[in-house]
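Which chain is which? They are A, B, C, D, E and F, in the order written, and residues in each are numbered from 1.
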Amino acid sequence: MEILVVNPNTTASMTDKIRIAAEKVASAGTTITAVNPTTGPASIEGHYDGALAVPGLLAEIAKGEARHAAGHVIACFDDTGLDAARSLARAPVVGIGEAAFHVCSLIAGRFSVVTTLGRSIPIIEENLVKYGLATRCARVRAAEVPVLALEDAESDARRKIEAEIEAAKRDDRAEAIVLGCAGMVDLAADLSARFGLPVVDGVTAAVTLVESLARLGLRTSKHGGYASPLPKPR
Amino acid sequence: MEILVVNPNTTASMTDKIRIAAEKVASAGTTITAVNPTTGPASIEGHYDGALAVPGLLAEIAKGEARHAAGHVIACFDDTGLDAARSLARAPVVGIGEAAFHVCSLIAGRFSVVTTLGRSIPIIEENLVKYGLATRCARVRAAEVPVLALEDAESDARRKIEAEIEAAKRDDRAEAIVLGCAGMVDLAADLSARFGLPVVDGVTAAVTLVESLARLGLRTSKHGGYASPLPKPR
Amino acid sequence: MEILVVNPNTTASMTDKIRIAAEKVASAGTTITAVNPTTGPASIEGHYDGALAVPGLLAEIAKGEARHAAGHVIACFDDTGLDAARSLARAPVVGIGEAAFHVCSLIAGRFSVVTTLGRSIPIIEENLVKYGLATRCARVRAAEVPVLALEDAESDARRKIEAEIEAAKRDDRAEAIVLGCAGMVDLAADLSARFGLPVVDGVTAAVTLVESLARLGLRTSKHGGYASPLPKPR
Amino acid sequence: MEILVVNPNTTASMTDKIRIAAEKVASAGTTITAVNPTTGPASIEGHYDGALAVPGLLAEIAKGEARHAAGHVIACFDDTGLDAARSLARAPVVGIGEAAFHVCSLIAGRFSVVTTLGRSIPIIEENLVKYGLATRCARVRAAEVPVLALEDAESDARRKIEAEIEAAKRDDRAEAIVLGCAGMVDLAADLSARFGLPVVDGVTAAVTLVESLARLGLRTSKHGGYASPLPKPR
Amino acid sequence: MEILVVNPNTTASMTDKIRIAAEKVASAGTTITAVNPTTGPASIEGHYDGALAVPGLLAEIAKGEARHAAGHVIACFDDTGLDAARSLARAPVVGIGEAAFHVCSLIAGRFSVVTTLGRSIPIIEENLVKYGLATRCARVRAAEVPVLALEDAESDARRKIEAEIEAAKRDDRAEAIVLGCAGMVDLAADLSARFGLPVVDGVTAAVTLVESLARLGLRTSKHGGYASPLPKPR
Amino acid sequence: MEILVVNPNTTASMTDKIRIAAEKVASAGTTITAVNPTTGPASIEGHYDGALAVPGLLAEIAKGEARHAAGHVIACFDDTGLDAARSLARAPVVGIGEAAFHVCSLIAGRFSVVTTLGRSIPIIEENLVKYGLATRCARVRAAEVPVLALEDAESDARRKIEAEIEAAKRDDRAEAIVLGCAGMVDLAADLSARFGLPVVDGVTAAVTLVESLARLGLRTSKHGGYASPLPKPR
């Protein structure tokens, strides 16, 4: 089966990193198609970037639906455009933020999130409330690392992320950590070993969840809020 | 002062109706500029339409900011693109959904919403939770009236809306009603008289609130989630 | 139109300060009538003072109703007697606490409150829950300043309030500040400039909101919890 | 020990009924003093009556404190003036509404309340939220019986109350019933036998709880929201 | 890898049905071991049965841990003993109730649960609150079918379950259905086709989730509430 | 009347301490029967111990029911097995955790809990949510004292508990303290005197509450979640 993974920003190096991580965790019979729109913001840092990334994201989802992909992953931790994508698609659509929250809830009573910039905290907190999982999250922390610094091996991004994980373990009573950006996908295993806590990455979590949905034969409900768009001039 | 009122769909007759209502309630010194994008969905019915309407809406907000408008109103009851618009603007931005909820909370302990289509209920409910006002709302009801039927004097839209208001008064312990679509702006006074309950329309509520903010000298906070977009390719 | 502003304590100098602030923000056609009861507590610091202030407050609201005032403001941040006043009045009634919370919710995702004494924190927190806006409030802080110290130019009240605002900006992730006492009405503009955050005062917020309700033709719902008192010996 | 039971309305026949019920359930060594203010509303039906009853109630609590009563009961189901009374008193103070909710939570997972008038529903709901026990309450129902009809043996009050209990058992998944008015104190045992469910009355519940607090040596905390009133002109 | 599926009741025919369903959905390399304790209740209907089933369940989990099973599934919809099992195990443990709720949250905004007996509703509701997913659940419905009637082809169990699904679609605004008993595992596909809604079964959902956790290298956190039991006489 | 107090662990010295405290607070006509199972964990520290203690606890409750005890107390602060015991019993059953929370809610607006080990915090927090009283609890603190250290006069348990109470008073805005372990029953009075705050112990609170229920003639509801177990092989 094909799983479409859409990185909704236009930074191809991030798309590559996401593809590699997704392929590592995918089942034998699964093909990962990782894409990004060619126009739109280079990274998603806050509400404005997120809103502008959505039309490009939806166009990629539409192509995946046309190819009958078995499922779609939205590879931005803000789950940008998730509801609109679900309205458009019949196949299941999973955001990497929600994937990480759901998966983490199965191995720990309580987790903290470590994301990039403080301006993303309200977006993540709002998603947690919407998903219902806010009560499972001790705190959303920002390492104050720009998204694209994660693509730069020379930056001090990793050190800042580690400082927040340490604080979460010490101060938040966090039993596990969720990494709050697709660009952190390659750090989870190392950080887990270092801190002695499960560290959950959303990209790999989302790939296994969307595969699970496909294997269970479950598709997005078209009864209610995710009903297919009505015909009209757009 | 100038108040910019953006109807985020492309239906000019609805923009006209909104302008007329806004002008009626505006203060002496206020100029209402009512606009709509020229491309995008003809009406906003669900998540997909909403997502596609946002870039056009943001372009209008940007023009208003450039003209130093004193404030902006987003004239779709889903408050489509509100957070992105607040990130972009320094002037205050008020959505007609939130405006109606806040105003109604000042005159009634508990209200019900009557909107157009069932697919919009989850969007409105999610907004209510996000604003904090879900506990003030008894129920969101859909009259199952397409948005553009409100522009058609021959439709049975009004009869269906009245049936839901009657049910809300009888079954929801609603003390007031919020009309859940910009296209219902001309119905509020009549319905209030008929049902003996306050009936709140969001367009007029938003105009008075954004005027209030301007008069109080209050502008959108740039510290936190509504920080101005960072410079980057978009 | 006449807006009645009732300071429910008996300190006339505070009533004067409130009147001046209210008049500054009122529209051209609005007359502000600012009054206080002649008997009752000199300041409202905690539940007991609040309870004893209510009968005098209600008597002033009754006089305002008899004069057909267009709306009433209760100028104590605890919103003392608000529900009873709404039951008595047909015109809209707005408390300065709720006014500040609603207005602040339109320009910031999240705010902190700085009030006078710690004993008022539970009252304000309870109001926030009741209004639904507790989720918008990061923290209610007390500067431990007695109410009447705000009337004394020699006191260190301002310094203590500034220390709490600074802490709220640094530690609470507050995007805006609400000043939690009518006696702070003259400080908002200065503090906003100093801290680079919106700082919201309830007296002026309430005046603009009650004017908005009057202009919208909205009056307190008499269907439900605010039904007019039944005839009986009292 | 003396337990002071204050009926905050001025209807002496209700005070007598309350005294008889309280004495039946009191321990051997307990003296019940049941009083009502001589001025104030004849019954408490809604916010306005409640606010006007508080000064008289507080005067009675002050007399009880002066006599070193071991505890106080506020015998109105709205728990009128409870926070102010706790601020005034050092002995424990228990409202009959909260008493019934706490007691009922120990014998049933979920209960419904049957009160007198619909205008009291929001007051009771707000109290439930404040106490934290709203999640234990399935529904607050009004029999639409005026308070003083409970004093009239000829009224159809009992029939209407029974209809609501039946509906609560059938429709609310209620496992127990709370009677929502001090004037229903004499009905609990009969209604419990008739409907095969625990039926909890607040007056008797409050007497046993305040006795429990006294026996445990627990008094109202004076650290925080119930700190003693500060000296000032009142 | 081995996935241990424990049916915590002693009814072997139910264990067989569970095994068959689990094997159908498991990946190529996965071995399903389905067991039940030999002593304990024949079915779990309410709190008392649940409590008595736990020691036998924990003994089976201990055996699975000793065999280094890759993960464990608790195949009772009440998620009986889940926290104790997580404390005991290092491998991930997933309950079929939580599995169904998490999976359903990825394909629908809102779901209803159809379970066997009314006495199980409070248990399921409490779990939903604990997991954080109560806000995603419209209503928990009981078909009033004893658990073992599901093992009896002649019973009217299916008809009663269908009636509740129909009511959930019509009255609850449910966008999907969760089947609330392991014994319903064979009904999901048919019911989904019949009602045009996703219908989620917990057994198959849990198998795919625990496989996902194993593939992601995630194990139960031992930091906090699921710390390994301390050595002591037991 | 007989009140059965079950210590669900097997440490007889703790049972003795519990009996002495219970007898001190019981009414003249009450007989306290304090027992513990002879098999099971020596102390309850976390989910696993709790689950294994329940069958022994239920056997003791069954004996008490057979003797027609007027009520039962479960003397573990986690309220281990409370729902199962309520299903089994017709007499009222009160856990010492819930007893302390309810009683404390009557004398303070907000409290903190000081318990033994960090692994118990999630259990207590979950109970608080379930009872509805989480909003009344500022924070659950662990002194990191093993349960049986409380039985050892030489341990530093008391010093550690005092440090947490001091922190709760200073940092949590706690108005009262709940002691979170049956083994702390002898400390409450001293600690209250030392810190100038009410300090509530659950054992004595539960005895007075269960006596209150008995005196009120209230028994566990058998309609709903606590319905008597169905006949079946167990």
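To be clear about the criterion, a residue touches a chain if its C-beta (ideal position, glycine included) is under 8 Å from a C-beta of that chain, and two chains touch if they have at least 3 such contacts.
Note that the structure is predicted; figures quoted are calculated from it, not measured.
Between chain B and chain E, the least number of touching-chain steps is 1. Ranked by distance of CA centroids from chain F, the top chain is B. Among the remaining chains, C is positioned farthest from chain E, on the basis of C-alpha centroids. Mean C-alpha position of chain A lies 43 Å from that of chain C.
With each centre defined as the average position of its C-alpha atoms, the distance from chain B to chain F rounds to 52 Å.
Taken residue by residue, chain D touches two or more other chains at 109-110, 118, 121-122, 135, 173, 224-226, whereas all remaining positions touch fewer. The set of touching chain pairs reads A-B, A-C, A-E, A-F, B-C, B-D, B-E, C-D, C-F, D-E, D-F, E-F, using the touch definition from the header.
On the side of chain F, the complex with chain E involves touching residues 10, 40-43, 45-52, 54-55, 58, 81, 83-84, 86-88, 118-119, 121-123, 126, 129-130, 146, 224-227, 229-230, 232-234. Chain F makes touch with chain D in their complex at residues 25, 27-28, 92, 94, 98, 102-103, 105-110, 131-136, 169, 173-176, 189, 196-198, 200, 204-205, 208-209, 211-213, 215-221, 223-226.
Residues of chain A that touch chain C in their complex: 118, 121-122, 129. Against chain E, the residues of chain D that register as touching in their complex are 109-110, 135, 173.
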